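Letters A, B, C and D name the chains as they come in the text, with residue numbers starting at 1 for each one.
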Amino acid sequence: MSQPKPMNTIAVMTSGGDAPGMNSAIRAVVRTAIGAEMEVLGIRRGYSGLLEGDLIPMDAASVGNILQKGGTVLGTSRCAEFLKPEIRQEAANILRRKHVDGLVVIGGNGSFNGAYQLHQEHDIPVVGVPGTIDNDIQGTHYTIGFDTAVETGVYAVDKIRDTANAHDRIFLVEVMGRHSPAIAIHTGVCTGAEHVIHTPENTDYDTLVSGIRRGRKRGKNSFIIIVAEGQVPGSAYQVQKHLADNYQIASHVAILGHLQRGGSPTAHDRFIAASMGFHAVQALKTGEVATVTACRDGRIQLVPLQECLEKNDAIDAFSLNLTQQLAI
Amino acid sequence: MSQPKPMNTIAVMTSGGDAPGMNSAIRAVVRTAIGAEMEVLGIRRGYSGLLEGDLIPMDAASVGNILQKGGTVLGTSRCAEFLKPEIRQEAANILRRKHVDGLVVIGGNGSFNGAYQLHQEHDIPVVGVPGTIDNDIQGTHYTIGFDTAVETGVYAVDKIRDTANAHDRIFLVEVMGRHSPAIAIHTGVCTGAEHVIHTPENTDYDTLVSGIRRGRKRGKNSFIIIVAEGQVPGSAYQVQKHLADNYQIASHVAILGHLQRGGSPTAHDRFIAASMGFHAVQALKTGEVATVTACRDGRIQLVPLQECLEKNDAIDAFSLNLTQQLAI
Amino acid sequence: MSQPKPMNTIAVMTSGGDAPGMNSAIRAVVRTAIGAEMEVLGIRRGYSGLLEGDLIPMDAASVGNILQKGGTVLGTSRCAEFLKPEIRQEAANILRRKHVDGLVVIGGNGSFNGAYQLHQEHDIPVVGVPGTIDNDIQGTHYTIGFDTAVETGVYAVDKIRDTANAHDRIFLVEVMGRHSPAIAIHTGVCTGAEHVIHTPENTDYDTLVSGIRRGRKRGKNSFIIIVAEGQVPGSAYQVQKHLADNYQIASHVAILGHLQRGGSPTAHDRFIAASMGFHAVQALKTGEVATVTACRDGRIQLVPLQECLEKNDAIDAFSLNLTQQLAI
Amino acid sequence: MSQPKPMNTIAVMTSGGDAPGMNSAIRAVVRTAIGAEMEVLGIRRGYSGLLEGDLIPMDAASVGNILQKGGTVLGTSRCAEFLKPEIRQEAANILRRKHVDGLVVIGGNGSFNGAYQLHQEHDIPVVGVPGTIDNDIQGTHYTIGFDTAVETGVYAVDKIRDTANAHDRIFLVEVMGRHSPAIAIHTGVCTGAEHVIHTPENTDYDTLVSGIRRGRKRGKNSFIIIVAEGQVPGSAYQVQKHLADNYQIASHVAILGHLQRGGSPTAHDRFIAASMGFHAVQALKTGEVATVTACRDGRIQLVPLQECLEKNDAIDAFSLNLTQQLAI
């Protein structure tokens, strides 16, 4: 860890898919920095806005009353062209021209890759704050937004459970998480779902159907099956068709889609986001840069950015087993 | 109105699609009847349960703590065979054998048809309580469950609005109401949706797309379009495909499905349901039978069952106009 | 009804206690007026802001994305000095100077008095939109905000019911409504409360306590008692003390206070508010002024302001009876 | 760790204050045990029910559809007489008579003391599952129910914030936690409260009031102050009086009380509770008894009961500092 550079002005952005709790992180970054007598610039719409020079000064009032809001007040984007070195050069130039001494990037592993390159190629002090509803970044046990996304899934399934019990029925509830089964599996545990299809492309229909038949024999008459989004949204309809065509099993579909990205963040997400934002500014101050405010061993730790550049789409075997064991 | 028959024992059922608030109506029927020194039988699973003789005695405690629950504690069903006179004869026999002097049927117009025939053919005193999330029964301005279903739609769109504002995006949110656009239109007004597709089979794409283009010119970058379920659930995907294929407009889909049937009923639904249940028992007592506890002129009135046998799928032109005017 | 005056510019304000749904009414007023090619000014902080000339131009975008928000984006105040004629003269002067041709006042009966005087004394065309959580304005069956306030009360009692059933306990839940028992009574019906104290100053303790004792004999072990706020907030503590001192009955207190003023408005409040805002602008256009967009016979009607100047704090006997009958 | 005893029959109870998520733990205990071919008895109303021999057999269906419910389906109690050795002897006799080989106690440190004595004195294999909204048990970083209690506090403050912004006002919101400031401090961080009074008996009024005055100078016109319950519920009224009498500062009070004990548990509480219940049964199976399923280093670990017998009412200095820093 080298001698910390002076941080007179820092910038903060949100990047990639938006996640509930990002506003709490922005607020914490801005106010911690102001408390440490730094100037703060907000970058609008992620790397795209950075390239357009869309940076606005943030004061304490500018982040008042945003904590409870879904989405991100700074906007966000996915910026494919940031993969090109010459584009990143341009970004570095803009940051220098605006006298930005340090940068906080709130987003997923794609956004961290951009930040990492900015640091490696242009020596920009960066700190990453993990924010994505999918909880799928290597190197951290938690990413901002996951708890809210699961809560929304749980809320939806709780409602469907009411009507499932009124009739004898099977419901397929598709939850978000294109490349990550984490939301599906957690929603399964938290709702007592009868089954979780974590990889719709490889559904084990025989296990699923024999579970339904076993349940019916025991007098169970309603089944809730959580379906991860998989490669293409709408995969619950494929499952529905397959069950109807091959097993003569009728089912009903709900697809939560972007419901799970929105909504006022849970207390849990607000708290973690506030803590991470606070630590991110501390890290810039102390020079512990090219790091991520990761969640490990139950607390926020600074870990090297390199450890957080990959997607983690491993299946959480404990939780998957838990949902199956407890559904009986 | 003839001389009221003595009501020593009454029965209550929920029938057709379940709707939030039905439990409040059941509780009100049971406790009002007990307060009037009647015996009450609960019929399980609607007309199907009646035909199986599945009637259980209800005391005051049996409906304790159910007010706040979604679905219906009595269960429900759609019973196609009840269209046959000989089956209705059987039902009447069962009711007589169980000494049922009057019957309260909580459900939609299909359920009311069954009740009406029981009265016409077998002189069973019946009262209908309108309960369906679709608010599509002739003769009443309101049906139990509609407010909760709209509230759930509004909740969902509010969440999506957060993320719509973070990115530049178009969202298609499919709400329930197979033959009724009421939920779609009300959800549109209450969320400030940019457009409501009330009849997906006849979408006016040119108006829709020109609205989007006009909005974009004015700087609007997110659009929420409510799609009624239409004839076949999943119609939002047809709209999505049509927009992509013919106008190169990308969009995201969420399908609420049975989310809108479940959930704890709103205060509004609990109150109306309690009032209607109370009035239904009064009507049996006073002999004002073959009636429905309809909502007219802002209060509960008893109207003849014949006026409530048809579906009302008229489009509410005032509300549709309101959503368009206010979305600008 | 005289010949309508030309309405080139109108102004809108919220006044008195804020109520959820006011933003939906503001949005409807602004966008309906813009649709009719009027200019619109928003008056900040009610009559106080008017007297300070704090009027801001509103365009369609200024009311974007406010529908779902609690409170009022225009702010509000209680302005005692508006009772003085010379102060109202000043207000009229300011309105003339700003070329305001018509005024929409969203608030309670106090606010309507001010509006009525402005019309009588200075011939300002005014329309009132009833907005107060207390539902206590003469001449209208509904005021914007009431449904949300009751919903919040119901939400709170539902939560307390969970813990009431875990232990054997008595809970006193104080709800808002200083001079109006309507919120308390409706919350009672919608939660199945065992008792409603609608006028804490005149609690009938003997009836209350004998109800508790009767219930306990029947095996009931948890009781929820709704307490109207009464003259002084905190009256639930008086009830608690009285029960402890005179009947050795222990109880737990929750006081909802301003929780019930806030929160995202329910669909019902959003819809009514949008409709009323729309009708208010129509009324200015057609010259049906010095009126209120009242709710009567289940629909919005224009009724003379004079009929809506008094508080309606009558007790809704049907609903009070309903809660008692159904609690058994 | 001695040789594990055979676990043919286990018993489970909830004890002390009820907490949302307890039902998820009960369900996990019952179904994990059944999956391991054990018999399970549910003890009603904690140690009091145990002493009355109120144990009921639990099968898989008996815990169906309870996951989402607040409170505890087994009921709970505080049982002062369990402090007496002769009473515990009686409890041990009853457990032996019912052939109970192991006991899971879901509750707080008081309940753990009873369980510890049962193990020490009578060699009953016991495992504790930490469940209390206060998050105040030594030896574990988390207790079931805390997240839901904070979420409810956050929900309430979010609503009050709406109306705070409409007017210029100061609000005192009293949250639960008689001997623990954790709920108050977390609610403060998660809502951006302007101040947290964590120990109402020792309020530093000068700091509080100078904060308000500084805020007002900067144009802030609404203040939300979280008040921990302290020794006696209703302490917010003492604060209100003190502010009025000594500083002429008016304020409004809300007291959440048992609202925070109830409500459907959050996803977070459901997940942790399910995991802890699962691990508790594993611990009985492997003979790792006289332990607690504690949360340490971000995961569930078995720690000795002796480490969890005391209350932890330390103030979380990081979080308290965070709320102050970020409120600015």
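The rule is short, and it goes like this: a residue touches a chain if its C-beta (ideal position, glycine included) is under 8 Å from a C-beta of that chain, and two chains touch if they have at least 3 such contacts.
All figures in this text were calculated on a predicted structure; none of them were measured in a lab.
Note on connectivity: the fewest steps through touching chains from subunit B to subunit D is 2. In this assembly, the C-alpha centroid of subunit A lies 28 Å from the C-alpha centroid of subunit D.
For the pair subunit A and subunit C, the distance between C-alpha centroids works out to 39 Å. The centroid of the Cα atoms in subunit A and the matching centroid in subunit B are 36 Å apart. Among all residues of subunit C, those that touch two or more other chains are 158, 161, 165. Touching pairs of chains, sorted by label, consist of A-B, A-D, B-C, C-D.
Interface residues of subunit D facing subunit C in the complex, by the touch rule stated above, are 14, 18, 20, 69-72, 75-77, 152, 156, 158-167, 171, 233-234, 237, 252-259, 261-263. Every residue of subunit B that touches subunit C in the complex is listed here, in rising order: 27-28, 31-32, 34-35, 60-61, 64-65, 67-68, 141, 147, 150-151, 153-154, 158, 161, 165, 186-187, 189-192, 218-219, 264, 266-268, 270-271, 274-275, 278, 295-299, 318-319, 322, 325-326, 328.
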